[in-house]
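Before anything else, here is the set of structures, which you'll find just below.
What follows is chain A paired twice: with chain B in the first complex and chain C in the second.
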Partner chain A sequence: MIAARDAFLAAIRRGDRQAAFRSLDDALDSGLDLRTLYVDIVQPSMREIGRLWQANELSIAEEHLATAITESAMSRAFERVFVWRDRRTPRLIAACADDERHQMGLRMLCDLLEMEGWETIYLGAAVPVESLTALVAARAPDAIALSATIAPHVPRIRAAISAIRASAVAHQPVIAVGGRAFLTDPSLAQKVGADLTASDAGEAVRILTERVRDAGASS
Partner chain B sequence: MSAAPPLHVDLARWPGIVLGVAPDGDVVASNGRLEERLARPVVGRNMTELLDADSSHAKWARIARDDDATTRTWELVFASDDRLLDPGAFSLIRGDATSAWLVEHPPVARLTEMAATVDAVNAELAGAQRRVVIEQARLARALAEVERSNRALDEFAHVVSHDLKAPVRAIREYAGLLLDPPAGSTDDERIEDIRRIQELSVRMRRMIDDALAYARAGQPGDRVETVDVGELLREVVEFLAPPPDVTIQLSPAMPSIITERIPFEQVIRNLIANAISYRRADGARIDVSAREDGAMCELTVADNGQGIAPDDQSRIWRLFHTSRPGEGSGLGLAMVKRIVEGHQGTVTVRSARGEGSTFVVRWPRTPAPHPVPRSAA
Partner chain C sequence: MAGGTLGGASASGERAARLLLVDREALAREVTAALYAGSPELLAVHGERGREKCLQDMRYNIEHLTPAVELGDPAMFAGYVEWLDALLRARNVATRDVVRCLELLRERCTVRYPAAEAATIAGIIDAGLAVLAR
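Take a look at the complex of A and B:
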């Protein structure tokens, strides 16, 4: 797996789409599951890309390219492993406070939850609070995941959470927050009014599944 | 040819950020661009207060330290409490020993805009691809289900037409005898023929009812509930009221599942009833257990009964198949298979003549209803 990670990182670092696709294909062929692929190959590779930018080894343009390639590679991997399940519950709505480039964590979370049989609705980046609350009212999700990579975007999440709490009276969803802003300071999650945070998509899947099951059992 | 003018730049009019920075990182001069973008004064502040910590502090430390900092481009992010600027590319121009200029390469607005558009398009494509993948997988499953039910329908039509023909033929023959009685036949014989016709009609009626029940059995309904498998088994055993020569042993610690209770109960009841029916002359011991196995609940019904010959093992699931004509209707196991497969489960049997049979049902622990919406079915 370390070899797979090195191959993937090297490919996205030099902007080689085909090699990136191939390294994930090889990893799947060798029997790794999507969760391992995301949590142990893609995520550390993207963190390393971020670190390389911080170390001035990569430019923003190269980082954009690496992100875009990773995004496609994830879609391809998901396509290879996804199997339909007839009943798709529980339901999650995901939204990202940052721009498109930072939505990868939420994509991972949605893909992994889909694999577990959830229905996920991904709203994308910088969603206005009114659109979010309207959708929450209409679709009554069991859980909501919000992410902020950049600390200055955290207030947007706080605003979104209080709007959801105020509007979703009948059925309060479990609200999870994630992204680097919360990784640096996990206590921030409670400060913005969220129910939980997690250090990676794999952990988020586990905690969300538990919490939603508990919420279902107590209601 | 005149000499070139001496190089100098009016940095105040430069479109990008220009900062004069002292060796300790204090900003000593600015052309005003950073003030505009951050909406706060910057002269007199330290670079570490103006740069985004996560992305740029480590870089700034290197710029201050590296001798070759002037030969490279540095991408930095400036931030204030409520603002985070897009990354900008900067060059460092050293002046005298006490200061340096940090000069932003003016971004090409059109390129920045295009990059943002590419990001947005890419994100939309990724989202669309997910939706296509999910829809494709749903359709593949629905298609497999339609194919399965088409095959089942063919099989069903074949079995029903074949098996119903026999009593119809017999009725026709008895009716023929009544219309054209053989010489010397008595009234008693004719009454006997009429009685046979009546019996055959009753049997056909029952077969048609069974066929209808069978046809309906595969369709999952909507109401699901938490079912304690152990409790359900105890109820089923009580309902079946096994004769005294039958011992039914339920294993301890059985799981709970979320499912439609009625079809699940019917599967269990038919399997246990089947084990009771086909017991040996000296009685029966039936072991029933259930356990969780991934997404499935695995239910095992093992008996020490007559067992099933290898040739018969594929036939037992057929509607109207029975190894004891006249006793069973041949509906029980066909029904089990039909219900189990209709609920995305499987049922298998392991058996040898004289050594009992073990039926294993794998039933989803959480519901998996029909993939084709009822309105479309």
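Take a look at the complex of A and C:
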């Protein structure tokens, strides 16, 4: 697994899409599951790319190239393990509120939940709060996942949560928050009004599954 | 939890955050001008492009200060300052210049704002300065 991570990181660092695809293909062929690919290979590689940019060892363009390649590689890996299902439940909506553009963590969460049988509605980056609230009202999800990487986006998550709580009266969804802003300070999740946070997509799948099941049992 | 009292949030914090949001550009320009007026050698070291980058960084600094002030969360700003200092050191900006920027920002807020709001902002900035004093 560490060899696979090193191979993937080296590939995205030099902007080599084919080598990145190859390293995840090899990892799947060797028997690793999607969760291990995402949590133990892709996520630490992307954190290292961020650190390399901070250390002035990668340019912004190179960092964006690494991100774009990683998103393609994730799509490809997901495609390889995808299974058709007639019925998918529970339902989750995932979004980055307002100006937030770091969407990859939510993408991982949605893919992993889909593998567990959930129906996920992935909105990606920069969703205006009013528009998100309207979609939540229309789709009545069991859970919502919101992500913030940098602190300036945290108050918008708080605004989104309070708008959702105010509008979804009949059916209160479980609300999860994640991203680097919450990783460095887990108590922030409670301050913005969320029900839970998690340190990575794998842990988020486990906690969300428990919480949504409990909410179902008590209603 | 919804709509209830949030952790360290306070009325003066929310008022101070609104002031910072409105005055971001003016504060960024004042701090950059004061920094370069007080340390003319910076222009020789970093050039005109360095001054522009300093102004842009001051906008980011205030953008990160604002939610920490609003939520009453000094650790949030301290974490940002630690990250920023490492980033700038990798780009040949000395820690003492980051310290000076934050001190100037605290001074400008004290001049501009009522005592309660200025004190709230100063408390958060000091948490950032404490990281750099280590």
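Annotations for the structure displayed:
What we mean here is this: the second predicted complex is superposed on the first by the 215 of 219 C-alpha atoms of A that agree within 3 Å, B and C clash if a C-alpha of one lies under 4 Å from a C-alpha of the other, contacts with A are read in each partner's own complex, and residues count from 1 in each chain.
Methods note: contacts are C-beta pairs under 8 Å (C-beta built on N, C-alpha and C of every residue); 3 or more make two chains touch, one makes a residue touch a chain.
Not measured: the values here are computed from a predicted model.
For the composite obtained by superposing both complexes on chain A, the positions of chain B and chain C are in clash. Of the two partner chains, chain C is the only one touched by A:185; chain B is not.
Residue contacts after overlaying the shared chain place A:83 against chain B, while chain C stays out of touching range.
By the touch criterion stated above, A:68 is placed in contact with chain B alone, chain C being left untouched.
In the overlay built on the shared chain, the residue A:59 is in contact with chain B alone; chain C does not reach it. Once chain A of one complex is fitted onto chain A of the other, the partner contacts of A:152 extend to both chain B and chain C.
In the superposition on chain A, A:111 makes contact with chain B only, while chain C stays out of contact range. Contacts of A:103 after superposition on the shared chain: chain B is touched, whereas chain C is not. Judged by the number of chain A residues each one touches, B leads among chain B and chain C. When the shared chain is aligned, chain C comes close enough to touch A:162, but chain B does not. In the superposed model, A:122 makes contact with chain B only, not with chain C.
With the contact threshold set out at the top, residues 54-56, 150-152, 155, 184 of chain A are in contact with chain B in one structure and with chain C in the other. Across the complex, chain A is touched by residues 52, 54-56, 58-59, 62, 72-75, 79, 81-84, 87, 89, 115-116, 118-120, 122-127, 129-130, 133-134, 137-138, 140-141, 344, 366-371 of chain B.
Against chain B, the residues of chain A that register as touching in their complex are 53-56, 59-61, 64, 68, 71-72, 74-75, 78-79, 82-87, 99-101, 103, 107, 110-111, 114, 117, 122, 124-125, 150-153, 155, 180, 184.
Here chain C touches chain A in the complex through residues 1-3, 6-9, 17, 63-64, 66-68, 70-71, 73, 75-77, 79-80, 83, 86-87, 90-91, going by the rule given at the top. For chain A in complex with chain C, the touching residues are 54-57, 150-152, 154-155, 158, 161-162, 165-166, 181, 184-185, 187-188, 190-193.
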